[in-house]
Amino acid sequence: MDFACNFPFFSIMLLMFTGIISMIAGPRPAKILSLAALGISTVLSALLIAYINQTGESFIYMMGHFPAPFGNEISAGMFEAVMAFGICGVAFLSLWGNGASTKTDIPEKKRNLYYIMMDMLMASLLVLIYTNDIFTAYVFVELNTIAACAIVMSKPGGETIAATIRYLIMSLLGSGLFLLGISLIYALTGHLLMPNMHEIIIELVHNSNYTLPLIVIVGLFGVSMAIKSALFPFHSWLPDAHGSATTASSAVLSGLVLKGYIILLIKLFFRVFSLDILKEFHISDVLLVLGLLGMIMGSVKAIKETNIKRMIAYSSVAQIGYIFMGIGMDITIGLVAAVFQILVHMVTKPMLFTAAGGLINVSGHKKDFESLQGSAWKDPLAGVSFIVGSLSMIGIPLFAGFIVKYYLAAAAFDTSKNTLIILAVLVLSTVLNALYYVPAISKIYHRDEASKFNWQDVLRTIGAVGDFPYQASLIIFIILNIILGTCSGPVFQALEMGLDMLG
Amino acid sequence: MGLICILLPIIGGIWLLYKKRQTYFVRLVLLLHVLLTGILLFLPDTSWVVWKLTDQLNIVLKTDGLSRIFLAMVSLIWLVVSVYAQDYLEHDENPIRFFAFYLLTLGGLTGLCLAGNFMTLYLFFEAMSLLSVPLVLHTMTREAVAAALKYLIYSIAGASMALIGFFILLHYGSIEFAAGGTLSAAVISEHRDILLAGALFTVVGFGTKAGIFPMHSWLPTAHPVAPAPASAVLSGVITKAGIFAVIRVVYYQFGVELIAGSWVQYVWIILSLISVLMGSTLAFKEQILKKRLAYSSVSQLSYILFGLGTLTPTGFVGAVLHVVCHSVIKNGLFLGAGAVIHQTHKTKVRELDGIGKVMPVTMTCFTICALALVGIPPSGGFVSKWNLIAGSLESGLGLISWLGPVILLVSAVLTAGYLLGISVQAFITGKDKNGAAAGQEVSGRMRNSQMLLAFLAVVLGVFSGPLISYLETIAGGLF
Amino acid sequence: MGNNAWFLMIPILVPLIGGILVSACHMEQRRLRQGFVMATVILNSVFVWAAIFWLQGKEFRLVELSQSMSLTLSLDGLGCVFAGMVAVLWPIASVYAFEYMKHEGGEVRFFKYYTMTYGVTLGVAFSHNLVTMYLFYEMLTLITLPLVMHSKTDAAKAAGRKYLVFSIGGASLAFIGMVFLYHVVGDATFTAGGMMAVQGLAAAKGQNLLTIFVITFIGFGVKAALFPFHGWLPTAGVAPTTVTALLHAVAVVKAGAFAVIRITYYLFGADVLRRTWAQNVVLLLAAFTIVLGSAKALKEQHVKRRLAYSTISNLSYILLGAALMTPLGLQAALTHMIAHAFIKITLFYCAGSIIYKAHYEYVPQMVGLAGRMPVVMGCFTIGSLALMGIPLLPAFISKAGLLTGIVELGTPAAYIGMGALLISAVLTAYYLFSIVIRAYFPGKGFDITSNQDARDPNWLMKGPLILLCIICLLLGLFPGRLLEFFADIAAGLF
Amino acid sequence: MGENLFTNYYEAASVILFGVGFTCLLLSKNLIKKFIGLNIMDTAIYLFLTAKGYIAGRVPLMDADSVRDPELYINPLPSGLVLTGIVVSVSVTAFSLALVLKLYQTYHTLDLDEVLTKAKKEEE
């Protein structure tokens, strides 16, 4: 039992306590605290990655060293570690980078609450990643929901509240179904810890008892997580919530929170059930179809959208579709691709949201493209990172999105499903992506000949617009994206390793 | 030498186009051309690679018997017609342009006659087609332009059909002309079908210029709209370019033994017979004079194609002979028609009652030519047709060899019908139709050229001996 | 691994940087800008030729994308052909563009992207493997988009959108092929004669392989306006004529053809594909496109669109040659690539000059223009003759190659292709000469006083025109060396 | 089937309850009703869980002072879960009711669709 095994537990607790402490702290200390907590837990998960990479196997950690069922367990492998690292790091960047806009968007006396909620959100996300006990998962799903709703509505204005309500209702529905699934599976197996459930379920499937209930359970898990991660057709709440919230929230929500549930789902599928069972129950086919539909519908909706943030939100729907497509192909490379897509989207989407926020700021807090025209000249850095994000989404080589597309297509060649249809959808969605990102670029770079604009001003603005954290975070995001796009090899091996640690 | 012969008219034409010289310049050029041709006639056979594009594709000029005959014919008739044209076009708004392209076309034709391989042939064939388009649309009326485009398209289409053969030859044999064909027996036996198909395409393609069915319909459209001299050379000489090309390709490239007795030969002969019959019947029904002549060209040219199609020495001789005769005769006829139109502006046949009274010379020449074309001894037409029929009888194609002559004779009768009818109308008028025709005889130059042509038409018949023997020597090399 | 292979980067980077500078330094003064652009372009062409002479066969690895994929530049014979052609045309085109763009406006923006495109096009030429080419291919689409939408009218925007959809769609079809090669075959480096691995695979799962080949062929064929994805080209004609001429007759579309040749001969390998249903499919597609293009050109009355349609059909000549998968076929394809490039750019520039001077955009308006603009119409006539394939002019050589190649291959599909070629030859003559003849012979009752204002443009435009014509003639008269070079390339592949 | 339902009537009841709650949550426009529906749904699940944990003829783990052998007790885990669940649902309900309150203050309606339309108007 090395010391490193405590890191997951530490980082979770750290975040929670930060939240609690922040109650008495003012807004600024609260911010510093949560940033610090996030930073530390990033480092911790980095160390954890190193540790696991060295030992080469996952481990079970009993909270407070009570054996189950009294204490509940954490299971950490490469997969969890990498995800945790990504989540903490990105969360740190988004919070840090968007500090300014948060300050303007959220009233003084609420801001420390905002950061508290952020801490809670992150803590619960980490739990979702690490937990080995599904009831704990349920509890933190609920916590996660509340926190998420809180950070959406923290920006005053009826729009946000309405969005929050829809979000809340949908996710409560989701968690209700999840709870039902849990109780059913408990009734079936009498266990709450994933590995134990796994053994029994394998046995049940083996001598094919209770097939129908099992299918129901898998379905319940699938649907509940799909609702929470806004898989088409359960995406209706997403654009409102992500479009209306403050930039940091949108970044975190569509960059991280959605992923949290998907990660949980993957863990359930892997540790509780197994790929073969999923194949047997055809649940993966359903996910695949929904994923494909999502890829198309999300983009179609995004094309019609004139509000930049909503457009980006809709593109999230499409991207989530990619992930589920990867999962739905129920072969390992597909899953790896899906997980890689989770990472890529983690670093790309917050960048896009941050950039969009910057553009919105320089063009008089208007979100529609008409008023955003030429904004990229006023905030060059945002413009550049928007371009990078878009190119990555379209899938130009050198950027992360390309690698994802590549591996998804590669998986499509190996899968037993209908290769041609999958490829066709992939092609179509690429075209659609281009169809809303490229016009967006040309809009924000639009320069009417009449206005005598002077390049020197632009040069000056490069340093001037936005505070240092904002620019720094954008640059880091760009670098991350390109790193993922150019040297994907090691990351990929890590993920593969992580996935067979899960199974 | 040959190159000069080609370049002379071309340069002359361009010069004319830009410097707008007087028309004596044209005559000068033409005389020079005749002179050069004359010299060329007595030089020994030569073959000269002018330009190497690639090791396969190159421009070659050569003179041999066939090219001599055609060259002489072309250059002579060109001169004659030009004389006529000068007076015909004296009131024309833009004679310079006409003469310019007239010369350019001659250049193209000369090149065609001197072509030493398929590539060169194709080159000058295209050039001649394009350069002769302005002659067709000279009057610039709407239908003239339309006709010109139709003419262009048919020529290009024909040429590109011929191209098929070209490339098949390029791949399987060589594209140099050699008497008796260039294909080795081995290749023939191996790729027979491809080669035959190519041959058919080529024949029909070049036949387009000679108005072979089903590619004939441009001819009656294009020839009449042109000014008379133009239609004369178009219908008399330029169409022969097609014939010449066919001869070159069939007898000097694919070779007789490939085609002889094959389905291609039957198709070819049947097509030509169809067009013979069709041409003369249509001509018979046609009321517009020049159109009637054009249709008659269709049928007459198919005589020639038929003769070539028989693939017998006699047929060949007859065909080439008919080429010469027909070009002389048809020019004569067109010039006559042109004279009538020029003086009286009458284009319909039935308006011509008693025209012979006012234009005796013209109509006499017209009648002589008509008789020659029908094939009354001792005119040229008779000799050539005799050979054609003899050839078809030799050919041993079973039914065809009998059917052919019959059709030829039938169409000869029709010819008599549609040509002599005019002469009769012209000279013998009913009492009530007196003086229906106004106007007077054409000027000296035009008269002379007509008379010359009519004279030639007869001479060719009477003294055809040497020509025939010369042709037989050529034919000897081919079979 | 050449020690100085890094030099291959230069010709790609110079124009990109130059282009950025054009807008960065915001060169409003025309002289300055023109001087700068000209300098950049010429300098770059020099670099390209230097590379062609000294850097053949060198390769330069930029970055590893993953274990199997890497961005690598290199220069082989085929690349030389394409790069050399572009390097010759770009400076000439620039001179013309300087004058032409005066009446289009937005010159800074135009020359920015115009210069950058040069670099990207060279990138396509220099690519060493499929992923590199894919990268530059996508960039080409994105960077030429502003040029298509230059005028910013609704029509232009619509055209841009269409262009985007078609190109990206095509690229992502090609993407599938790429993934297949990298994932299933394991590599996609351009190797003369196709990759051994493919030949190995051909035995195993042939059908799948062929399907993928067809998909990829069509995917890259989109840029080469292959039916059924030819629609964008005429629509993109709303762009300034310089763009239509250089990009949509040469750089972009030829990049498509180039890519097709790459995948056919350097990845899948001709031996694997010859006489398979895949070959028949692509042959027939190309043949159909040839006829379709010429037919549509005949119907089209707008000059630029007519030329665009003619481009469609001529591009398919190239594709047809590539699809023959015989040395002759490839040789012919390359020849036609060069020939058509020069001819079509000439024609477009004539049309451009007419639009620029006389503001005529429709064929019927051009009646009797020859009297007014002798030089332009003269060049146009030469161009038309050349495109028709009259001997002694360049296109004849390539057509000769194509048809001989067809006879050599001798499959039914090939002969259908032959038919298509001949039909389109006739149509070509028709749609070009209906312009020429009207221009020279206006017809009765044509008042000479009309189109008074029409004049030959000044030397900035006339110069390039005449120069191009001369090049056309020279190409036609001295094809020897070029053909030998192509023959060598082709020889390396079989 | 019939006696099946009868024997495990707990489950039957909970399923029915769940259905009621679910429909209520989905269909009713009124937000308050929605959340009531949500609560019913949760309750249904808790009932189900407890039923799962109950072993006939045993007592819950109440008085820890007098320790008897564990054979006499029901399975304690589900009860624990239910307790946790109740806590969670209470807090969620509180939160959502607070939200509804805020929403009512801004829009003076409890109908979600109206709210959304108004929000849209606000945006323009």
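Per-chain numbering from 1; labels A, B, C and D assigned in written order.
Throughout what follows, a residue touches a chain if its C-beta (ideal position, glycine included) is under 8 Å from a C-beta of that chain, and two chains touch if they have at least 3 such contacts.
It should be emphasised that the depicted structure is a prediction, and the values quoted were computed from it without experimental measurement.
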Report the chain whose CA-based centre is farthest from the CA-based centre of subunit B. D
Min distance from chain CA centroid to global CA centroid: chain C
Round to the nearest whole Å and give the separation of the Cα centres of subunit B and subunit D. 104
Counting only Cα atoms for the centres, state how far subunit A is from subunit C in Å. 44
Subunit C to subunit D: how many Å between their CA centres? 68
Between subunit A and subunit B, the Cα-mean centres are separated in Å by 84
Junction residues of subunit B - those touching two or more other chains: none
Where subunit D touches two or more other chains simultaneously, the residues are none
Among line, ring, star, complete and other, which best matches the way these chains touch? line
For this structure, give each pair of chains that are touching. A-C, A-D, B-C
In their complex, what parts of subunit A are in touch with subunit D? 69, 135, 138-139, 142-143, 145-146, 149-150, 153, 157-159, 161-166, 168-169, 172-173, 176, 179-180, 183, 186-187, 192
Enumerate the contact residues on subunit C facing subunit A in the complex. 23-26, 63-67, 69, 71, 105-106, 109, 131-132, 134-135, 138-139, 142, 145-146, 149, 161, 164-165, 168-169, 172-173, 175-176, 179-180, 182-184
State the interface residues of subunit D toward subunit A in the complex, per the touch definition above. 18, 21-22, 25-26, 31, 34, 38, 41-42, 45, 48-49, 52, 77-78, 81, 84-85, 88-89, 91-92, 95-96, 99-100, 102-103, 106-107, 112, 115-116, 118-119, 122-123
Within their complex, subunit C touches subunit B through residues 385, 388, 390-392, 397, 400, 403-404, 406-408, 410, 418, 422, 425-426, 429-430, 433-434, 437-438, 440-444, 477, 479-480, 483
Residues of subunit A defined as touching subunit C within the complex: 394-398, 402-403, 405-406, 409-410, 413-414, 423, 426-427, 430-431, 434-435, 438-439, 442, 447, 449, 454-455, 485-489, 492
